[in-house]
Every structure is written in C-alpha cells, then in structure tokens.
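Notes follow the structure.
Labels for the chains are A, B and C, by order of writing; each one numbers its residues from 1.
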Amino acid sequence: MDFELTQEQKDIQKAAREFIQGEYDKEKILEWELTHTFPKEVWKKACKLGFIGIHFPEEYGGQGYGITENILVVEEFCRKDSGVGIAVTLADFSSEVILRFGTQEQKKKYLIPVTRGEFISGGAYTEPDHGSDITLMATTAIKQGDSFVINGTKTFITNGTLADFFIVLCQTDPHAKPPYRGQCTIIVEKGAKGLEATEITAKMGIRMTSTAELSFSDVRVPLTNLLGEENKGFYQVLEFFDESRVEIAAQALGIAQGAFDRALDYARQREQFGKKLVDFQITQHKLADMATKIETARLLTYKAAWNYDQKRIDPKLTSMAKMFAGKVAVEVADEAIQIFGGYGYITEYEVERFYRDAKITEIYEGTKEIQKNTIASALIGKLK
Amino acid sequence: MNIIVCIKRVPDTADADIFIDKSGKDIEKSGLAFDLNEWDSYAIEEAIQLKEKLGGTVTVLSAGGEDSNESLRKCLAMGADDAFRLTDPAFAGADGFATARILAEAIRKRPFDLILTGTQAEDDGYGQVGVVMAEMLGVPHVSIVNRIEVQEKKIKAHRELEGGLEEVVEVDLPALLTIQTGINEPRYVSIMGIRKVAKKEIKAFGASDLNLKPEEVGLSGSDIQLDKVFLPLVGEGAEMLEGKPEEIAQKVFDILRDKGGVA
Amino acid sequence: MKEIIVVAEHRRGELRDVTWEMLSRGRELSEGLGGELSVALLGKDVKNLAEALKPKANRVLLIEDNRLEFYNSETYEKVLTQLITERKPMLTMIGHTATGMDFAPSLAAHLKIPLATDCIGIDAKDETFALTRQIYGGKINAAVSFLKKGPQYMVTLRAGAFPVIEKEPLSGEIVSVPSLLTDEGLARRFLEYMEAAAGEVDITQADILIAIGRGIKDAENIPLVKELADSMGGVLACSRPVVDKKWLPKGCQVGTSGKTVKPKIYVAIGISGAFQHVAGMKGAGTIIAINKDPKAPIFGVAQYGIVADLFKIVPVIKEKIKQLKKS
C-alpha cells in the first residue's frame, strides 16, 4: 500500500495550484458571479497549459494521464475558487463519452478542439420528467434516410448556451423492453436547425457555469453522429458516470478544502472576548472535525480514481466517493460560514458562495440518494 | 547560446506567521510553503526566452537538499534542458561565499556563454552569490539586470540603479548576470512540460565530485556565521490603532486632519 | 595603526547619502578602536567631492583617472585591490547599494577578505566585528559574526540604516594615490545612463501618498485604494512588485530603485516594509501602515499602524473620510 502521490502527480498538483492562484482575482470573480459570466480567458489558458483533457490520450490532444491526475487538477481549481473551478473543469463535460465510445474520426473531430480551448462540450441526459430515472427518455431520435430526427426537451444542461456540441441521450426504440435497451447517445452540434438553448438564469450556485434547457424540434443529424453501438446509450452513460462521478467528488473535495482554508485563516485572525477564535476550544473542535471529514473524503475520492485508473470499474466505490465528498462539501462550507459569523453570510467573504456551489455536488451526476441506491444494490447484490 | 542558471528553493514568508525555532538560529520551517526564489523565477524565464530566440541550451543547478529537486523540475518543466543538484552533508551552514564556491566548482568544467543568477535570495538576502561566483570563474559580471540585448559575442545589459535611473553597459561573453525582478513575466508550468521532464534524472554531486575539500565548504568554508536570530522590535515607533473598523477609521481621519491630510 | 576605509559612493557629480552614513558609523568605530578613518574616492575631476569629504575623515584617498569617470566594477576592483593590498585596512566599508552590491562581493573574493553584506548594525568586538543583518524580508534579525579571523574585514552597509551624527569636523588631508589603470581592454564597458520612463504624475511632488504593495493582490483591486486616495486628495504610489506586475507605471514606485519621496503623509497599504522600499519613504512626515501581519517590518517605521485586512478596512476609512469631510 502506498498513500503517496507520485512525483509527477505532485508536480501536476503544484502546477495546477500555481496556475489557478495566478489567475485568481476576487473582484473579477465576484463580477462574473453577479453577471453569470463564464471565465473564458481562464479556461483558454488552462487549455493551453494542458489542464483540460489531461486524461485524454495524446493522439486526441490530451496529455495521456489518468483520471487521478484529472481530479488533482479539479480539486486544486475548485479549492482556490469553487465557481471558477467548476466552470473551467466542466468545459469538457461528457466528452469522455466520445473518448470511450466514439470512432477515431469522432474523437479527432471533437476531442482535439476541446483540449485546445476551441470547443466546449455538454452532456444532455436529464429531461423535465426524467431526472434520477433515465431508463426511459421522452426525447426521441428516429431514423429517416441517412439522418436521425430528434425531438424532445432536455433540461438543466451544463454549458447549454456555450457548448459547441452535446452528447444527447435519446430513445431510439420506444418499444424496447426494458426501455433502456432502446436508447442511443448521439452527437448534436451547436447551431443545428431546430435546436434551441435557453439559459436558466436564476439559480443557487455555480453561476459562472451556464445551465440551460435544450429543445429539439426536428433536429436532423447524420446517422454517423451515433456514438458506439446502437441501443447501448444507457449503458454508455452509466459507464461514463463511473468516471464523471469521481470528478464531481473532486469538485466537492476542492470546495470543502477551499472553505476550510478560508475558515482557518479567519479564525486565526478574528478576535472576540479578547481572544482569537482559534483559542476557543469549540472552534478548535470544529476545525478538527472539518479537517477530518475532508481527509476522509480525499481518501475515498483518490481511491476511487486510482481504482478506475487500474481499469477496475467499481460503481459502489465511485458512488461512495461522490456521495460522501458532496456531503462533506456542504457540511464543511456550512461550518465555515458559521466560523465567519455574520461576515460568512456576506458575499465578499466567499464562503457563502462556496456553500451555494457545494450543494450542486449532492445533486448532479446522480443525487446522493441515487448514489446510496447504487451502493446498496452493489452490497445486496441486486441490480436496481 | 549555452546558459547556466543557479536557483534556490526558499520558504515563502511574506504572508506567513513565522516563529524562531529551538536552535535560535533559524525560523521554524515546517508548515511553510516553499518555492523557487522570486528573483530566480525571472532568471530562469529570461534564460528560456533567450534560448527560444537564439537556440542553445539552458542548464539549471541548485545547491541544496533533495527538496530542491522540486524547484529544479519546475525549471525543467518551464523549458530548461538539464538540471543538477549539489549536495553533501559537508555543505551545511554555507554562507553566500561558500555557496558561490560550490556553484563555481560545479560550473567550471562546463562550457557556457552566460550564467544567470537572481539578484538576491528572499530568505538570506546576501545578494552576493552571483558576483562572487563570477570572480571565482574569472568572467565579467553585471548585477541587478532588468533588460538584456544579445549582440555579437557580447551583451548589452541595463542595470537598475537607485531613483529610477538605469546604467547601460556592454559586457563580453562569457559573462554572469544577476537578474532583477520585473525583467519578464515568468510563465506557468504546463502539463506538457511536466510530462517532458517526468522521466528526466536530476543528478546530484557532492564535495568530492567537485574536488572540494571539507574545509573549503559548508560552515568551515564560510566567511560569516549566524549566531542567533531575533525578532526586530516591531512597532517601535508605531502606535497601533485598534478597535472596530469604524473607530479605526475615525482615528485615521483625526490623524489625517491633524497632519494636514484632509482639506 | 588600525585603519578603516570607507569607499565613497557618488554619481553624476554628487556624493550619495550612504557615504555620509558610513562615515558617521566609521568614525564611531575608528574612535572606539583608536584608529583612523579614511575615505577612498575614485573618479575623474572629483576634487570638489574630496573637499567636501575632508571634514568627515582623517584622510581622503583620492584616486583620479579619466577611466574612472563612470563607475565600472572592473576598474573599481583593480584600483581598490591595489589600495587595500597596500594599506591593509582592518575594515573596508561599502554601501549595500546598486553600486556596492556590484563590486564588493567580487572584490572581497578576489582579496580573500571575509565579507558580510547588507548589515544594519556593526560593532567592534575582540579584534573583529559583530554584525546585525535582516533575513526573511526583514521579518527576522540575525546576529552574525565573522568566522574567518581577519586581520582584514569587509562589510556592505544598508543605505539608510545608520544615522548621520554630527560631530566636530576632522581636518582630513587629501592624499592622491596613482591609479595604475592602463588602457588594457575591459570586458565590461559603461555606455550610458538612462532615466526610466516617467509616470504621468510626479509622486515626489505630492503631499499625500497612498502606497499599495503586493497585498493588493490584483490590478483590479486598485480602484478601491484609488478612491481612498481621491477622498484624501492624495496620489497613488506603490512598492516594486506592483510595478513588476505592470499594475502601475514605473513612475509610481517608491524605494531604492524607484523614487524617494517625502510627502506630509504616507499611507502604506499591503506593503511588508522591505528595506529597499523603506529607504524611499522613511522621510515622510507621518507614516500610517495597514497590514494584516502584525509582524510586518513596516510597523517598525510607521508612526501609526493598523493590523487589518486592507480589503475590509480601506472602504470603511474611505467612507468615513467622505462622510466627515461633508459635515
């Protein structure tokens, strides 16, 4: 057993830390948060330095590392700033589906621009009436000649108004039994006729990230936009979740650590009743609990990533990491606000934003309840 | 152009709480973040830019413990070609002079056109290693350089003097320059850079490899020694304004008005 | 006889302040040691400077040569090597300035004389000297001693660290020393002086300066302090990193490599107080420092200190001033 990161991993972690520290600019960030602006320049620079798509093979513009290295970057970015971190590291969201199941042409066409900061990607699974349960999709893709014709609505789609292409989960065979055996993932590019993205403007957190509703009205895409085998879409998405949930766990971990860093710093400086906050044993215990939770989340998350990089798929472990890290992020950010007192409630002190940003990690990529279902079914030995 | 850059890994103390350690001769270093000396990050960037423009190689060296490899790898990842480290238990306690000797001996056998060091180190701040080394190697030097123009077999360098004045000098190559901050914008380390250097070995050399005798290095090879450290009398003159922000602001206003600051 | 030699520093026809500071400390040391104080002056047509130095030393060692018109580390090293080899002074004092930093280390190494750089304190002790230096950006002081025993020593002294104490004038004699420089080619040649491009506003003329340091974190935060400056009718100035990062023009930099300022009021915000910065502003009438680190050296030179996060306190002060100015 070896709990040390490799030298290379430490270098990557440090490079990520120095980069995001160098780009961190509180005034700008608060402005972006207020105006719901995606930090485009930071994203472009991150691409240029190889942070985005670090886990793609070289031939597709990546750096050939595993998801362990990817989550180290995600953690560092989110630690310095939850909003910028999430926005930037989700710029390649779902492109892994192409990486795992696409043809060589598809990978070249979509992945290389993603790593170069030319393309932003999106994954469209959730529908207004199908969120946790995606076994049946109302969005249909019907073959007509050499095209799929897509109709339906997807909602809460990250990068919805920014993405250059989406991976869309569609029902291709509405009569399949069970229905999830009749689903496909299909690439739809921005600007396709009949595709409309509407920003969902007001939301609790991750405000530098676009969240949108996508409506498909007779959107035609060539049959060659199909990803992988026909009717395997549902399975592809679940496989993708095994990877992506570790990334969300890393977001949560970074957010928790970032909130903790700020709380510790503040507690060292703030004085009440003639003492520093850190001199109160209550505060000391809070900090000890927070740090312990974070370390536990980190162990689970790193193990899940490592396990995936060993080419072992363990949905239980992935779900444990995501569920636990998400929970820790929310709890730690909450406690951080408490340590800041009234100041914690004020935007300028950032922890309230970390708290709002933390919450999403318990919802997207499968709610914590769904993660528990996954863990339980693995334990009990019953698939769903 | 073959360039050698000397770098040092130092603790970042500007923003940190620092405490004197048990020996009373240094500060408690555990818990401090370490990084490349700020001046050296400009020196390595300058070297890489020169290489990118003119071709040649950049070799980095550092005298220090195994931890220094981190900074050396950073320089490699930024674009240096080669790095090595000088280390030996006998080097302990070296002052600026003894450090310069170690570095000079390591450089002596290598071909070079240019040596770059930082103007000073953030921690000890002797501001002497580069210039001493030039003397030991018998090459001309220019210190506190904030602009470089390479010409045929010589360099035109701007030295920063006091009061916004600069001195422009010309120096024949090979030469040593000590680099001032602000001369360029040090780049971020890229993942491509890290990949490139991951497999690279950083060789370490000790006193005997450099043909240095024990009495020439470390504390025994030094001019000076540090007897003890202590906190400067802080706030000697300063009256501390305390209270709620509002109250502090009121006090500031009163002072300003007294001293003719607000009309 | 124990001799102390101070190497005079001058530029463009004027002796620099550090020379007087070294002479003042040098005189105390030499009197304590029962020795003599000499000042070495290298240059071309600098008799007037030699005259000015006469009352401050027992002897002015004047080395004049056309080749010494502009400072050059190589000519300085040659001339001073000869001088020190002949006179064997117990102590040679040089300013820790852009000039001294450029030649003292190589001169000492060449002569094999132990050197301590950037000293802020020096006392004679048992045939040698006890020194005080600052480390970690001035956050810590260090007591330092020479390890190698002399009989000769060399130090560079921080500019501004030693007060000039007025004493009975001495009647120094001017001793001309031949330079022995030849026309043999130099590897380093002086070309010209250049003024760094001046900023829009001349900070040296301002009565009120609000100076920011690296603590401001980013250019985007500057308006915060600019508003404070505006409310006070003051002008923005800064420490060096702010210029290095191109957040403010070079003309705004205070310190040894920037401007020396003497405003009525100087507010230092997020500036640690490195000596190169302090050298440029310690002549201000009133200094107020804002820093979140209670151990920041800036509090050692300020008359008033505020330990606070600048982002928290600056807006409050600004509002207060606006409000009170109205009433």
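To be clear about the criterion, contacts are C-beta pairs under 8 Å (C-beta built on N, C-alpha and C of every residue); 3 or more make two chains touch, one makes a residue touch a chain.
Nothing here was measured: the structure is a model prediction, and the numbers come from that model.
**Student:** Which chains does chain A share as contact partners with chain B?
**Tutor:** Touching chain A as well as chain B, we find C.
**Student:** Most central chain by CA mean?
**Tutor:** Chain closest to the assembly's C-alpha mean: B.
**Student:** Which chain pair racks up the highest number of C-beta contacts?
**Tutor:** Summing C-beta contacts for every pairing gives the maximum at B-C.
**Student:** Determine the centre-to-centre distance between chain A and chain B, using the mean Cα coordinates as centres, and give it in whole Å.
**Tutor:** 40
**Student:** Using Cα averages as centroids, what's the distance between chain B and chain C in whole Å?
**Tutor:** 20
**Student:** Can you give the whole-Å distance between the Cα centres of chain A and chain C?
**Tutor:** 54
**Student:** On chain B, where are the residues touching two or more other chains?
**Tutor:** 17
**Student:** State the interface residues of chain B toward chain A in the complex, per the touch definition above.
**Tutor:** 17, 70, 73-74, 77, 188-195, 198
**Student:** Which residues, counting only chain C, touch chain A once they are in their complex?
**Tutor:** So the residues of chain C touching chain A come out as 217-218, 220-221, 292, 309, 311.
**Student:** Where on chain A does chain C make contact in their complex?
**Tutor:** So the residues of chain A touching chain C come out as 24-28, 269, 348.
**Student:** What residues of chain A sit close enough to touch chain B in their complex?
**Tutor:** 7-8, 10-12, 14-15, 18-19, 22, 45, 48-51, 54, 63-65, 268
**Student:** Enumerate the contact residues on chain B facing chain C in the complex.
**Tutor:** 11, 13-15, 17-18, 20, 27, 95-97, 100, 119, 122-132, 134-136, 139-144, 156, 158-172, 175, 180-182, 219, 222-241, 245-246, 248-253, 255-256, 259-263
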